[in-house]
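Every chain is named by a letter (A, B, C and D) in the order it is written, and numbering of its residues begins at 1.
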Amino acid sequence: MKIAVLTGGGDCPGLNAAVRAVVYRAEQRGHTVWGLRDGWKGLLSSDPPTRLDRASVQEIVGWGGTVLGSSRTNPFKSEDTAKDALRRFQDGGFEGLVAIGGDDTLSAALAMHQRGGPVVGVPKTMDNDVEGTDWTFGFDSATSVAMDALSRLRDTARSHHRVLILEVMGRHAGWVALLAGLASGADYTVLPEEPFDIARFRECVQRAIQARGYALVVASEGAEVSSDLRGGTATRDDFGHEILREKGVAAYLARRLEEEGGWECRTAVIGHIQRGGPPTLFDRVLATRLGAYAIDLVERREFGKVAVLRGEEIRAIPLAEAVARTRKVSPYWLDLLHTFDA
Amino acid sequence: MKIAVLTGGGDCPGLNAAVRAVVYRAEQRGHTVWGLRDGWKGLLSSDPPTRLDRASVQEIVGWGGTVLGSSRTNPFKSEDTAKDALRRFQDGGFEGLVAIGGDDTLSAALAMHQRGGPVVGVPKTMDNDVEGTDWTFGFDSATSVAMDALSRLRDTARSHHRVLILEVMGRHAGWVALLAGLASGADYTVLPEEPFDIARFRECVQRAIQARGYALVVASEGAEVSSDLRGGTATRDDFGHEILREKGVAAYLARRLEEEGGWECRTAVIGHIQRGGPPTLFDRVLATRLGAYAIDLVERREFGKVAVLRGEEIRAIPLAEAVARTRKVSPYWLDLLHTFDA
Amino acid sequence: MKIAVLTGGGDCPGLNAAVRAVVYRAEQRGHTVWGLRDGWKGLLSSDPPTRLDRASVQEIVGWGGTVLGSSRTNPFKSEDTAKDALRRFQDGGFEGLVAIGGDDTLSAALAMHQRGGPVVGVPKTMDNDVEGTDWTFGFDSATSVAMDALSRLRDTARSHHRVLILEVMGRHAGWVALLAGLASGADYTVLPEEPFDIARFRECVQRAIQARGYALVVASEGAEVSSDLRGGTATRDDFGHEILREKGVAAYLARRLEEEGGWECRTAVIGHIQRGGPPTLFDRVLATRLGAYAIDLVERREFGKVAVLRGEEIRAIPLAEAVARTRKVSPYWLDLLHTFDA
Amino acid sequence: MKIAVLTGGGDCPGLNAAVRAVVYRAEQRGHTVWGLRDGWKGLLSSDPPTRLDRASVQEIVGWGGTVLGSSRTNPFKSEDTAKDALRRFQDGGFEGLVAIGGDDTLSAALAMHQRGGPVVGVPKTMDNDVEGTDWTFGFDSATSVAMDALSRLRDTARSHHRVLILEVMGRHAGWVALLAGLASGADYTVLPEEPFDIARFRECVQRAIQARGYALVVASEGAEVSSDLRGGTATRDDFGHEILREKGVAAYLARRLEEEGGWECRTAVIGHIQRGGPPTLFDRVLATRLGAYAIDLVERREFGKVAVLRGEEIRAIPLAEAVARTRKVSPYWLDLLHTFDA
C-alpha cells in the first residue's frame, strides 16, 4: 500500500517518534510511506509529498518538533478545498492516510473519513485533553518542563520568602497544572475544572508561609479566576479590580495576594518553552506504539478510527468518539490533588 | 490510627514521593504516621520509629533515594526474628503498616500478613518486573537515565564509526533494555526473554554499519548470551571462547563482534548510576497515587493487599498474587521491538 | 576568629557552594562561622546569627537559592541603621564578615568598610555585570537555562516556520543574551550595548527565513529597542506605534516584525525560571574558589577587598573598584557575535 | 583562501561548535572551507573533502560528537604517508588547515608544520591536560556528566549507608576527578598527581561514615593506587592482594575498604558515557571563540600556532609549546581540594 502521513496543529515532543514508527512498521509490512508537508496544507499543495524510508527517519525518535512541518490549515472547512484535497489524495494513488494531531487535526480527519477518505488518526496533545485515551504523547514532556520550572522557582521562593506563581498551558483542561503541581509539591493548584475559591487559595498560601516562609502555586492559563478574565478585555473582576486579560491568570493571582495578604509575589509564564525539546521516555514509547498501531489499522482498512492507549494496550476507537468532547480532570484527581494543598 | 511505613530493598526514584503521599493522606484522614528506619531492619531495632508529619516530608517529593533508609533485611526468614518483629510492632501500638518495596519486601509483607500482621504493600522496582501492575515507579526514571546514556554513546559511535554497546539493569526481565532501546533507536536489543541469536545480532549490526557507519546496541545484564555466562565462572561459550562472567554481557557481545565482524566496539555499563537521582514526572505521580491509596487500604483494613496501577486506575490485588512470579516482557512488546531492528 | 557570612540581593545558583566553601576553609584554619539571616537584614535583627559548621553545609554545594536567605535591605542607607548594624556586629564579637552578593550588596560592604567594618566581598550576579572579575557565578547557570529554552523554541520555530523571540535577563548588560545567542545559533541577538538597528534586524530574520524557513532571536530585557520603552510608560515608538512598557522587548520586536515582514512570530520571556535550580559545574567551582579565598582575605585582614577571578587565578581587588561601574559587553564580543548573524 | 578543517582523536562535546565557527568566520572573511573526513585519515583518502558552508553547519553548534568524523590516524609517523598527505593537501589547492584535536592531533599538526605545511591548531580534550591553555573544550561537558553521576550515586549511598566510588576519565591528569569532586562534595578524591595514601583515604571515609552514615569517593582512572595497577597485568599489590588491572581503580579501592574497614562499597565506572552528548554553554562558547580565532591565524598566515584561552582572551602559542608536556593539577588546586576532604 502507498500510505501518507501528516502532523497537524501545535508541535509537541513525540511527533517524530510517531512518524518514525509509521515508517518502520509500514516498511516491515511491505508498504511505502510519503510525508505531507505542514499538516493538511500538504494536501492542498502542488508540491509532491516526500518519500520517507527507514534511512530518512532512523535518528529522529528523540527530536523535538516535527520533521514534516505543521500548520493549522483545515481543508474540510470549505467545500472547494475539501474536494481539492481529496482529489489530490486520490491522484497521488494513496490508499491510506495517518493523521497525527490534536482535536482540530482529528476533526479534519473525521471530515475526510465522512467523505470516504481512508484515514486513521493518532492523537497528540500537550494538554492531555483528548477523549478516549488514557494519556496523549507530548503531555509528559511538556509537564516535565513545567515541573522543572517549578523546582527552579522554589529555590527563589525559599531564598526570598516569597510566593511564586507559575502559569502553565491548559486552556480547557488542567492536566498540566494538576500533574506538575502534584509532582512538585505545590501549595495550591488552580484549574479550569474547579470554580476558583479565593478564600481557600489565600488560606493555603498563608498556611504555607507560616509553615516554611514561602509558597509555590501553579495555575492553568485557562482557569477562570475572575469573570472578567473570560472575555479577554480589560474590565473589572468580582471585587471591582481592573483586569487586563493579556496579563493572564498568574498576574491576577499575584495582584490579589499582594493586595489582600501583603505577601510579596512573583510570577512566571512558561508559554512556548513548554512546547519543544526532546520527548521524555514515556512520550517516545507511547508515540512509537501508536504510530505502529496506526499502520496496523490502515492495513486492516479499519478507517475512521484513532489509535488510543487504554491501560496497557493500544486499541482503536472511532474518530467521532475522540473528538466528541474535551477530556477533563476527574473527581478522583481533584480529590488526590487537594490531599496535598498546604 | 497509628500507621508505620518502611522502604525496603534497593533504593529507586519515587520512594520519597510515596512516603510523602502516605503521610499527607494519613494526616488528612486523621491518622499519624511513623517511619521505620532501614526497611524491615527498623522492626528489629530498639531505636524508636520516627514520627513523620507534613512538615517533615513536604519537600521530599523530588528527592532521589529514600529518607527512611533501606536494607535487604527480612525478619520473616527465621522464626525468632519474625516473632520479635511482630511483638515490637504490636508493642508500638501500630494498627497498620505500609511496606514499600520490590519482590523481597513484598514477600516479607506477605509473610507478616500470614502471621496476622496488618500490612499493605506498595510496589517499586527499577526493573518493572512486579506482577499485577502495569508499571512500577522507579522504572521510568531509571530507564530515562539509560536513554540519556544511549544518546551520548550514539555521538561517539557516529563520530568514530564504531559499535557501542550499553549494558543496563534487568536480571530477570528486559523492560529497561526494551524501552531504552525503543526510545533511543537502538539497532539491536538483547533481552533475557529471548534466546540469543548471534547470527541475527551480527546481521543487524552489519545492516546498521552499512546504512550509516555505526551501530548502537542495548543489552540487559541478565540476558543469556552464552551458556557459560549463567554460571558466573570463567569457562567457554558455545563457540569455545573463554568467558569471564564478571566482564558481563556487553563485554561478551563486543568481543564476539570484534572477532567475527572485525568491527571496532566499545562498551559501557550503566550500573548504579541508573539508580539514583530525582524521579521523573511519571514516577512521582505514580508513587504519589500508590502511597495515598495504601492509606485508603489501611483505613478500610484491607490488609494483605498491594496497591497497583491498572490502566488509569489504582486498585488492590492480593500480596500473594504480586509476588507469585516475575513480570516478563510479553510477545506484543517483542514484536514491536523487532519492528525497529536495523 | 569569629567570622560572619551573608548572602544579599537576588538569589542565584552558586550561593550555597560559596557559603559551604567559607565554612570549610574557616574550620580548616581554626575559625568559626556564623550565618546572618536574609542578607544585611540579619545585621539589624535581634535574632542571633546561626552557627554554621561542616555538618550543616556538607551537602548544599549543589543546591539552588541560598540557605541563609536573602533580601535587598541596605543598612548603610541611613545613619541610624548603619550605626545599629555596626554595633550589633561588634557586640557579636565578629572579627570579619564575608558579604556575598551583587552590586548592591558589595556597595553596602564598601559603606561598611568605610565606617571601619572588617568586611570582604564575594561577587555573584546572573548578569555577569560586576567589574573586575572575568566571570561571576550564577551567570553560567542562568545562561544555560536560557540556552536550553532556545533549543526548545527552535523546535517549534522549525516545525511551524515561525520567528521565535526569547527575552532574557540583563537590564544593563547583555552577557546573558550574548552567550545564549552564540551558544544556540541564534540568527540575531539584541543587546543593551548596541543601538538597535531595525533594518539590520529585519534583514537577518529575512535571511534566516529564506535559508531554512524560520528564525531564532534572543533579546536582553534591557535593550533599548524603542525610545519609548525606556520610560516604562505607554507611549509611541519612533514609528508611531503605541507601546506598553510592560509587554517588554520581545513583544515589541514581534509586533514590529509581524507588521513589517508579515512573519508569524511567537515570544517567550524566561524571567524567574532563569534564576533557580542547581548550579552548573562552572558556577560551583568558581563559587567554591571565591568562598575559600574570602576566608584567606579575612585571615590576612585584607578588608575592603573583593575576591575575583582573573584568568586562572583568584585575586583580590578593592571593593571600590568592583562597584565603580557596570561591566559591559566589549567590542571583541560584539564582533564575534555578528560573525554568526544570519 | 581555500581552507581545510579536520577533527582528530577521541570525540568530545564542542567539536561541532568549533567547526561551525571556522566556517562562519571564514565565510565572513571571504574564504571557503572544506572538511576532511575522519581526522588525518581524510588527508590520505582519495575521496574529496566536503565543502562546508553556513547552511551545512548552522544548526550543529549544540550537537555532540563531530560531523566530520574522527580517527586516530597520524600520517606523519611514516615518511611515505607524510609525503602523500602533504601532496594531496597541496594538490587540493589548500592554503591553510585548521586541525582540531588533543595531544596526538596537535603533534601531527606540528609535524606537518615542520615539513612546511600551513597548519594551525585548536585544542580539545575531555581531560583538560593540554599545556598552555586555561581550559580546553569538552572538559566542562564531560565533568558535568561525572558530577551528575555523583549526585545520583549520593542518593544510593545515603539510602543504604554505603561507600560509593565513581571512577572517571583521566589517565595522566586528574582534572575531571578534581572538579567533579569539588563540585559534588565528595569525601575523598584520588588523583594521578598525588601518591595514594591508603591511611588517609580510610580515615576520610571513616569520618564521613561517622558524620552521616555514608561516603562518596571519586577516582581518576589513572591514579596509581597500587604499584601493580601500573603494569596492566594481574599481579599483587603492596599488601599482597591479587589485582586484575582490568577491574580498575574503583574496584581496587572498594575491595581495600571492604577488607579493612568492613564498609559495604559499590562502584561505578563512567567510561564512554562521559564522552558524548550536547556540549555545555561553557564548551560551546570556548569552542566558538577558538574556531573563529583559528581562521584569524590562518588569514594572518601565523602557521604553526595553536589558539588558546588565557584569562579572558584568546591568543596563540606555538604548537611545540602546547604538546611539550601534559598539564597537571597544580598545588593550588590540591590544597583547595583537601579543604573539602571529609
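Miscellaneous remarks
Here is the rule we go by: a contact is a pair of C-beta atoms (placed from the backbone, for glycine too) under 8 Å apart; a residue touches a chain by one contact, two chains touch by 3 or more.
It should be emphasised that the depicted structure is a prediction, and the values quoted were computed from it without experimental measurement.
In this assembly, the C-alpha centroid of chain B lies 41 Å from the C-alpha centroid of chain C. Averaging Cα coordinates per chain places chain A and chain C 34 Å apart.
Centre-to-centre separation between chain C and chain D, using Cα means, comes to 30 Å. Listed for chain D are residues 151, 154, each touching two or more other chains. Chain-to-chain contact here is organised cyclically: the chains close a single ring, every chain touching exactly two others. Here, these are the chain pairs in contact: A-B, A-C, B-D, C-D. Put simply, chain A touches chain B in their complex at residues 17, 20-21, 24-25, 28, 54-55, 58-59, 61-62, 134, 140, 143-144, 147, 151, 154, 179-180, 182-185, 211-212, 280-282, 284-285, 288-289, 292, 310-312, 336, 339-340.
Interface residues of chain A facing chain C in the complex, by the touch rule stated above, are 7, 10-11, 13, 15, 38, 63-66, 69-71, 145, 148-149, 151-156, 158-161, 164, 246-247, 266-277.
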